[in-house]
Amino acid sequence: MKKAAIIGGTGYGAIELIRLLQTHPKLEVAKVISHSQSGEVLSSIYPHLKNLPEIRLEELDISSLEAEVDVVFLATPAGVAKEIVPELQNKNLQIIDLSGDLRLSSREDYEEWYGKSAAPQETLNQAVYGLSEIYKEEIQSATIISNPGCFPTASLLGLIPALELGNIKPTGIVIDGKTGVSGAGRTPTAATHFSETNDNVSPYKIGKHQHIPEIEQYLSKAVDADVTTILTTHLIPMTRGLICTMYADLNQETTTEEVIKSYQSYYENKPFIRILPEGQFPQTKAVQGSNYCDIGVWVNERSNQLIIAAAIDNLVKGASGQAIQNVNIMNGWEENLGLQAIPMYP
Amino acid sequence: MKKAAIIGGTGYGAIELIRLLQTHPKLEVAKVISHSQSGEVLSSIYPHLKNLPEIRLEELDISSLEAEVDVVFLATPAGVAKEIVPELQNKNLQIIDLSGDLRLSSREDYEEWYGKSAAPQETLNQAVYGLSEIYKEEIQSATIISNPGCFPTASLLGLIPALELGNIKPTGIVIDGKTGVSGAGRTPTAATHFSETNDNVSPYKIGKHQHIPEIEQYLSKAVDADVTTILTTHLIPMTRGLICTMYADLNQETTTEEVIKSYQSYYENKPFIRILPEGQFPQTKAVQGSNYCDIGVWVNERSNQLIIAAAIDNLVKGASGQAIQNVNIMNGWEENLGLQAIPMYP
Amino acid sequence: MKKAAIIGGTGYGAIELIRLLQTHPKLEVAKVISHSQSGEVLSSIYPHLKNLPEIRLEELDISSLEAEVDVVFLATPAGVAKEIVPELQNKNLQIIDLSGDLRLSSREDYEEWYGKSAAPQETLNQAVYGLSEIYKEEIQSATIISNPGCFPTASLLGLIPALELGNIKPTGIVIDGKTGVSGAGRTPTAATHFSETNDNVSPYKIGKHQHIPEIEQYLSKAVDADVTTILTTHLIPMTRGLICTMYADLNQETTTEEVIKSYQSYYENKPFIRILPEGQFPQTKAVQGSNYCDIGVWVNERSNQLIIAAAIDNLVKGASGQAIQNVNIMNGWEENLGLQAIPMYP
Amino acid sequence: MKKAAIIGGTGYGAIELIRLLQTHPKLEVAKVISHSQSGEVLSSIYPHLKNLPEIRLEELDISSLEAEVDVVFLATPAGVAKEIVPELQNKNLQIIDLSGDLRLSSREDYEEWYGKSAAPQETLNQAVYGLSEIYKEEIQSATIISNPGCFPTASLLGLIPALELGNIKPTGIVIDGKTGVSGAGRTPTAATHFSETNDNVSPYKIGKHQHIPEIEQYLSKAVDADVTTILTTHLIPMTRGLICTMYADLNQETTTEEVIKSYQSYYENKPFIRILPEGQFPQTKAVQGSNYCDIGVWVNERSNQLIIAAAIDNLVKGASGQAIQNVNIMNGWEENLGLQAIPMYP
């Protein structure tokens, strides 16, 4: 049984890792680290964890990590992993960072979009982008994984096949994203206040979301050309769930049926990608609590556009589930080990 | 006091007309007609109406309409108004149809998109599209109003200024729509079942929505050129509210500030259009229960696109409120008579 | 046109007063006072107010209040009105306090339940409890109104008839309350965080709610005997709405029909109380946005108990609506002036 | 690996069994039977099941059940199991009925409360009530389990200790229940229509719920005396979750701490019962998706009452989870086999 530590133990990413790892046959949670609430018992913060083996939050201690665990997950806010990972690397630890600190290859981009100084180049060079279905080979030999953001996960899984296969133009791609409120994290703010959020939809970032450079970087990488997109994110009155509806210009005429076939083929043997039949579109509820990404496509002949919809659970495939999927790949285990749960419906 | 009849008295459009007209100083509800539940008291179907003057549902009787009322609202499902309006026209009645039956000028388009035979040409010729802020002049002299659909209201109000002013190209416009569930009406179906809809987002129509020909027709009319769009609609777990996020290619470089100014200017003296300041985007909750349409714009320089977001209450500005606004215009009353209610927040 | 000032201008109570007063023919908002955000324009905090006459928040200035307004509403948190009202009384102002500061006649009770020092006895002596349907006479001659709490409003309106008419025993009364989250106010806290509150029901106060002494005081007053109750409050994932389900032991056998008749008689000519027919029970949505209180009763013969359910909109009849109703009574205006809006459904 | 059949394969009870059994190490789903939709593939009805081994719905065939499975779950509406179970009994099958058909020992009671003729006495005699924590011994030797209703599960687990230990009087017990909408099942009705249910709380059954005779029967059995209760059920705008807040008169003075200790002792070694510390109360979200029942108690000294709150997931501990727990007990397996999932939070 390999042992994992979770740094940033009081956020939703952390407790979702704890939930998912509970039934993992080869990886168990050995340490949960929280600087702000070190010493507390996690179930006093999260009553749903009551009666489970007591988890006492600890301070970060690099040497004990090295000695006691095999895998380190960082479920920390932006700006923290870039400080900690350099201290952990080259120490015989498998490191998975769930934040955005290591996703952008350009340090200038990170500084521009995140407003903080970037991680050291050496760390960025070692980090492999953990989009499991696309970069499986690289992940297999990685020691540091930069786990993708939630909107990028859905967008990239939805767009990369059509781009790589030359179906769509790499310019003018529109990504309209909708997310449940858990994507905003645990800190109470005016934006996540129930009375203001319930029964309300609003775009909260247009053109400025930190996921834009990430999406563009990996779309560009997929076709070895500059890809620009627009991403608008909307907050939806639901707890979990994320769906991106994407619009791209087709390069040539095609049919929905052909595109579906190409997606099925592209994602053959990828246990977590489900391509829906013609006329069916993803629902966030159909993947709730699971690591699935449901994708539906539609050729709009009237405007010669391809519409792609991709739905995930933002906390699972959009964060903690994909992180565990990457650990499975890194260790040569079956990709879906511990992640086979059927979505919770209704 | 002018008198109004409502045909289709048991749907959400009807009860919203009743609610809004209760405080209208010059128009009152005199008759509520429902074929399916004629004879029943409306408050037995809708307990929220208890203790208000009893409304007993009646059968449709054309001659008594002519004799007893001045205004007839049709809040009926598709396919009904096209049968009834021809019998009502030229009878000294002001007719407002809230359904889609009279919106499309081409009878072939209606038959293709609605799957039913269209209204007689004579009726279509007389019908004026009731997009109040755009067609005020035509509405002033109209006797039959075809009240716009909810998605078209938000989309057209959001796009027409930028199109008319030549800011954006008329091709490749993307409209990503999100609506609360009341837009689906009152009949219980699997799609509106709480357990399936709550905590769920899903596109329910991509490329096939009956609002597409309507939106294209009136965008094309605005610029006297063929405009094609794609409309995707998503069901959102909230009761009221509708927001369209729209993406269009800019014709030339411009700034958000300039576009905002042009929108403020275009909609000067339009009491229900609120153009938000730079950096602010509409929220459906901020217009809840009111006839406002909030519009926010953003120039995305990275992709030379204009993003427009327009939010309405689908039952008010998207239906019953706009219908009353049109009656106000038809009668030469102040446009916002009886419609001045501040949105209900939170 | 009488003029009103609102102190505590940035809370939900304040904006609900602004919304309701907008259509009041005899009372208008002249000043909105907020110490914490003085100088700001209210629509910058609440975008739903955009395009309405600009409201600039002011500092509290007692002399200008005296000079410029007739009515002062205090929509302040606990502990504020008890400081301010003494300065306002005896100044030819009609004062309505929406907080709990003046509701308890015993200063010791207030100190015990609210954990603060109480208002001066002189102010408490002058304050009249603003439960409009029960204390209309006293309210008519009052200059200071202590506006009831939301749970007390529903509980007292539901229980007082049965108590006064001798139907039920004054001991062992159980009040099980359910409220939407707007009852918790505007400040973001862990308890009102969307992700923690959505899809969740939990009792948040059992036996300790500050409304208990208030309910007991006025139930006791109604029958001139000591009445004890238990109140449990539950947070419900909805924005507005409050319903109390109450259980009391019957003194003698009776039928539901008889109890309904007695309630209809008791509340005759009370425009905002709606007694539902046998077999129908209140729904919070049926009173949403309105000043109604819907009451349903049921005689449970199996256990010789009377069950009473009373539903209100916690921000309207539970706060701002009742405040305006009281001002109407104080000024000898029709009780429902400006408050006739039909509930917003759905 | 034992094999299970599920009869009534298209309801929420069935798909929840499928979800929970997916990770059960000793029991797998071999047959899913649905008369109404026999021949269809279950994932065409429930897209969340896509990509899982295909489940094709079958007709009921008693002899093939006998030959091919070991366990039969009936997740059927009221009135169906009473016809089918008699045909299945005495056939070397373990039978678990999730409906109410076998719960009441009195056939007259069933006919009175369910409005249908009751199951044969012989079947009722063999059926054991599957309240796992209370009747573990009887369940161990049972071949037919009558799985408890959702409200009874929470009420009985909450009340039985206090009753058995003599803390509370057996009369005048009030049970105020709140349930998410999935408790109403899958069929679309006006009562479960999103637009009518969202943002709404209403009691839907006062004094008439079919769970009342069940609760009274088993409370009476627990103390060998007649116990009467009142149960009111409220529909809450959430998908899953059920909480009962219960009020009972204390027999003697005691403290919250003492009662907590007695509950902890009573439920020692019961893996799914979590007794909360003083001052903490259950939240439905804290047990979401899991088989836990969280219980909080409070001694209200002011009224000498004991308040008990018990929260479950209505589809898990309130139905399918408890059914699997009972199968575990019947087979001498660990009680929590396959049911150890941490609740899904948030």
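Going in written order, the chains are labelled A, B, C and D, and every chain counts its residues from 1.
The definition used in the following text is that contacts are C-beta pairs under 8 Å (C-beta built on N, C-alpha and C of every residue); 3 or more make two chains touch, one makes a residue touch a chain.
These numbers come from a predicted model, not from an experiment.
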{"item": "Winner on C-beta contact pairs when B-C is weighed against B-D", "value": "B-C"}
{"item": "Geometric centre distance via CA averages, chain D-chain B, whole Å", "value": "46"}
{"item": "Where chain B and chain C are represented by their mean Cα positions, the distance between them in whole Å", "value": "36"}
{"item": "For chain A, residues that touch 2 or more chains besides their own", "value": "12, 180, 182, 195, 198-199, 237-240, 283, 285, 288, 346"}
{"item": "Chain-level touch network, classified as line, ring, star, complete or other", "value": "complete"}
{"item": "Interfacial residue positions of chain A with respect to chain B in the complex", "value": "171-172, 174, 176, 178, 180, 195-196, 198-204, 206-207, 212, 228-230, 232, 234, 236-241, 243, 245, 247, 249, 281-285, 288, 296, 298, 300, 302-303, 305, 307, 309, 311, 346"}
{"item": "Of all residues in chain C, those that touch chain A in their complex", "value": "12, 180-182, 184, 186, 188-190, 192-195, 197-199, 237-239"}
{"item": "Chain A partner contacts - residues on chain D that touch it in the complex", "value": "12, 15, 18-19, 22-23, 46-52, 182, 198-199, 239-240, 271, 274, 276, 280, 283, 285-290, 292, 294, 340-346"}
